[in-house]
Amino acid sequence: MRQLCKGNVAVIKGAILAGCRGYYGYPITPASEIAEAAALYFPQVGGTFIQAESETAAINMVYGASAAGVRAMTGSSGPGLSLMQEGISYLAGAELPCVIVDVMRGGPGLGNIAPEQSDYFAMVKGGGHGNYRNLVLAPASVQEMADFTILAFELADRYRNPAVVLTDGFVGQMMEPLELQYPDNNREISLPEKLWAVKGTPETRANLISSIYLEPDALEAHQRRMEAKYIRAQQAEQRCEMCYTDDADVLLVGYGIVSRVLLSTVKALRREGVKAGLFRPITLWPYPSKALAEAAAKVQKVLVVELSNGQMVEEVRLALNGKVPVEFYGRVGGNVPSVGELQEQVLSRMAVAV
Amino acid sequence: MRQLCKGNVAVIKGAILAGCRGYYGYPITPASEIAEAAALYFPQVGGTFIQAESETAAINMVYGASAAGVRAMTGSSGPGLSLMQEGISYLAGAELPCVIVDVMRGGPGLGNIAPEQSDYFAMVKGGGHGNYRNLVLAPASVQEMADFTILAFELADRYRNPAVVLTDGFVGQMMEPLELQYPDNNREISLPEKLWAVKGTPETRANLISSIYLEPDALEAHQRRMEAKYIRAQQAEQRCEMCYTDDADVLLVGYGIVSRVLLSTVKALRREGVKAGLFRPITLWPYPSKALAEAAAKVQKVLVVELSNGQMVEEVRLALNGKVPVEFYGRVGGNVPSVGELQEQVLSRMAVAV
Amino acid sequence: MRQLCKGNVAVIKGAILAGCRGYYGYPITPASEIAEAAALYFPQVGGTFIQAESETAAINMVYGASAAGVRAMTGSSGPGLSLMQEGISYLAGAELPCVIVDVMRGGPGLGNIAPEQSDYFAMVKGGGHGNYRNLVLAPASVQEMADFTILAFELADRYRNPAVVLTDGFVGQMMEPLELQYPDNNREISLPEKLWAVKGTPETRANLISSIYLEPDALEAHQRRMEAKYIRAQQAEQRCEMCYTDDADVLLVGYGIVSRVLLSTVKALRREGVKAGLFRPITLWPYPSKALAEAAAKVQKVLVVELSNGQMVEEVRLALNGKVPVEFYGRVGGNVPSVGELQEQVLSRMAVAV
Amino acid sequence: MRQLCKGNVAVIKGAILAGCRGYYGYPITPASEIAEAAALYFPQVGGTFIQAESETAAINMVYGASAAGVRAMTGSSGPGLSLMQEGISYLAGAELPCVIVDVMRGGPGLGNIAPEQSDYFAMVKGGGHGNYRNLVLAPASVQEMADFTILAFELADRYRNPAVVLTDGFVGQMMEPLELQYPDNNREISLPEKLWAVKGTPETRANLISSIYLEPDALEAHQRRMEAKYIRAQQAEQRCEMCYTDDADVLLVGYGIVSRVLLSTVKALRREGVKAGLFRPITLWPYPSKALAEAAAKVQKVLVVELSNGQMVEEVRLALNGKVPVEFYGRVGGNVPSVGELQEQVLSRMAVAV
């Protein structure tokens, strides 16, 4: 079924197809349509939508629903996500799957409601306490808002860990065609059995969901187990998209909405004879470092572009480890670099090299 | 005045000498003695201690006190700090100085109350939303708990930004001699004038403390100003300690309590003929990358040791940018590597090189 | 369908038959089985059960559901009800129907979890601010727990006002046969149309649910309208039960569980030749003053018995207005007077008269 | 020292003279100047002012301060008081003295910010759960706002019970001369020793402040002790003011601001030859029933006037117990009856009698 759909709404359509039946959240611009769509559609499929008292409440409701074996989610923007950091750490520590959507806006503090990508550190490096990682996906289109939400539920269950759909006000607010792959609700999805969940049944009575391990050795063992699954995820789940990288002299790196501007920039540069390529991370964690290192192996320069003051650029530097010069260009506050602006950035930086 | 003092208590003694007169917090092991000491000493110097309803409340009280021009602080451990992430982002966005003490415990989630260093990402990379940085100091002794708290207030005011004292349950709980430099309360400290504060006076009536900038250009300009001060801080405030680095073949890197174990390890290794050196970052942000790069210039290997699964190690890699192999060894859950254990780690890793 | 059922569970069975589809609450002994049964049964009939963050949250969720036209309810015990007083006043002020169950326990403060009747003032006289009344029903059996809950929904809708089922830990916890009158779920109930509700439909877009009336004349007019409906309720809804009152010399008055002990006492007294009668108020507001005045017209003495230190006794005095001596006997803390104890009370007080 | 002062401010001046050193509250019109004055003056006398997160928080801070032996208070208006009902019940149950000021506004729900007297039931009959009473004083002038606040602290300590200053937006907002009896701060007040308090000293270590009594007999005994002190208060603390009652044919009864309109009405009626008198309760609990019964002994009619739909009138009826006809006239929403309006009410009702 092909339809014109807003990015934030596509998240919920994807979630429903993924079998998610619990949405707990609190509205905030520019993420509010997610809650709105959840309030509309979840009851229609027998699901639960709760507008919680606060974001702190919402993430703890997600904890509860997930502990009961339900595919559950929440959505918010920067300030709301900050309020959820304790809860996210608890979900990760208790190895509970869930999906969290962050439609990034301008920050820090109150900032504004225009798009930014400045929650990268908070969501990818871990804004909550303790050793844990979020699985993070970065959609760049309305279609991916749905598809990556579905994927996020799969990954969350596969690794029993929170998965984040990290997007921004552009992708959240824009309308594009959406093709839902599933002919009718929920038929295609076979939900994983969750033997560990506390379902209120005699069989699950002995199950315990907790993140407390009082003895140092017990907590260390727990963290080692978590680490092992994170290593598995790093091996199995790195995802990216590459365009024109085979013969590239300069590699442009950006995620989400930025990757679309970068693709236009690459094409414009090539029209001018500059062999530019695009590397677009789809998973921000695990970061597609291996593919990036390969794509950058022969380039003269890497330019990372973000709607931030430079956050993901650190992952690029870590991945390339000094082998290629990595430069950064960022815009913030809701401003987005134009193709012309980026062309100029590339040309001026390539000047010496070219 | 020389005295035997607990690390957590030293924090408050330092804070009072620094002219801090507002403490807002909620107790949590292993940070509770900070609140306890604040409750005892702050009223004695005409200051305010409030046990807030929650950590979320506490950090917002800090916001209010700081906006009024008062040197203000809070203290907590992992879960509490996660709950404060929204408030910290607001403080940074409104350019409000404050001091936040994180006595790290085992995580994620509830974890345990034993020491860890796994809030590094949350406190150093920025756990809250938006582009901002915390100034972060890492004490390794009771003396430094006091001294760095004083320094944190200085830095916070100098950059109008939150400053974090990032420590752990070991340093917080241990007792050591403390020498307070100031002969009597508050005489030495000349508090900075804060013309921007909202003091309830006619002169400050027009002052406005806020982090909202609705227009993209306005928010971008605000963030550029913030970025400029962060660059100044990176140039002026990198602090570290180096021991036996001049002729080192292997460089051990660790902060806080770990640096003390590492120093013993360095000495033990040298007794066995291995030229080991210690690099101890004092500021975790800005990270002492320049000094580290110099110290590591001639070593064969760098081994980073943390009470985490590897967080600060990324800064080391970024600083060295592939020039030297960087390895990692970590313990978690409250376990701390022994000198013997670390010697073995170094020796086995140096095997090929030696 | 006849079944053995616990009083608290009967509340929910009644609620579901009454078409209630929203339960919002927080568990507290001795009311917890209400929430438990709601959690079990509401989803089975397409309804919503939410365990809120607090009682304050719960009553405001009831406000929201009721505003949307849904039959909604909550349940708690003393401390929880106190936390709901603001919300109840808002519901009354906005003329929103709802049902609130108070399974009274020992108070004040934390008290204990044994039965009492000491929330009478708080629930009947109005514990919240402003001029409003709750409609209050006092069941004395498991059957009435179901029946009066159904009736409470009818009255709440009829008067667009909160209705309270005021019961206690005895009636809530005891098991008795329950006969549900309705052959299958919800078929018998024809829910009232609520043209005033905000249903998210185009037709109801102009509806406004609010209790704010800034102008004194407007607020006075609003309160006069409310007062008029309260007068209608006082005329139409007084309910009571009388036993052996025709020839009674002494009238025993008590509600809820006490009325059952009183009936046994009446019978025991009559066996000893004392013409005792029982007056049992079913509605505590509107209080069945007219029937009481008639029943007491020829008696020599009225003895009010409560599991409190004397609260409802004031209504009896107001109803009789000095025409008959009114005395009081109460037990509290979970203690209940025995038949022998009450016989003795009556006999000693009748001594002069007899 | 004679000064022109606002009623709400006089409350705080009285509180400080009474030795109160802890104010915990949340602002609400028309009570906000109380918090404002507390914020200004409490720090000047070494006291504590905290603007809490909510009224629920505020009353629990009062609990804490009172438990520590400090004279503590809060202030609010209708909605805020409703949120405090749980806390008030806990204070009463734990026998903790405190002063609570309710500057009544229009209700129920949001209502408006104009004066009313419709929290009478909520504050006098007990809006919280369980058997307890508040001591309630009703000032009618700015001078009494100060004096009765002082008296409230005395009574609260004498009976170890919450004492309420029940006033309204008129008395709270109006400015009148205030004569503070005490030459300088706090010299006159000798604060009672509180051997029961938990002061953080070795001597008070064994003290326990609690309202929990798990065993029925223990809770009953506790309530009997409380009841005994309430009976003592009823015998010792009934306060009222009477004007022209000696030869009155009609007795006007009203409290607070209403009593001032009633006095003018009495004088106007007497000028017209109607022997009217004024009975003004100063304590609303314990209600001055004895004096009222005496004052009403020879009148033909009693007219109760309230800024409510009839709440205190019940106490009048209970006190007179049918001996004299009791009628009621009320205005609400912020409207206040004029002298002419009340004259007419009296004359029309007296018509038959005269």
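Details
The first chain written gets the first letter, and so on, giving A, B, C and D; residue counts start at 1 in each chain.
Just so it is clear, a contact is a pair of C-beta atoms (placed from the backbone, for glycine too) under 8 Å apart; a residue touches a chain by one contact, two chains touch by 3 or more.
On a predicted model such as this, the values are computed, not experimentally measured, just so you know.
The chains in contact with subunit C and with subunit D alike: there are none.
Rounded to whole angstrom, the centroid-to-centroid distance between subunit B and subunit D, based on C-alpha atoms, equals 51 Å.
Subunit B and subunit C have Cα centroids separated by 58 Å. Between subunit A and subunit B, the centres computed from C-alpha atoms are 29 Å apart. Among the residues of subunit C, none is in touch with two or more other chains. Viewed as a network of touching protein chains, the structure reduces to one closed ring of chains, two contacts apiece.
Across the interface of their complex, subunit C is touched by residues 48, 50, 52-53, 57 of subunit A. Per the touch definition, subunit D reaches subunit C in the complex via residues 56, 77-79, 81-83, 85-86, 88-94, 104, 106-114, 116, 118-119, 121-122, 125-132, 210-223, 227, 308-309, 311, 314, 317-318, 320-323, 331-335.
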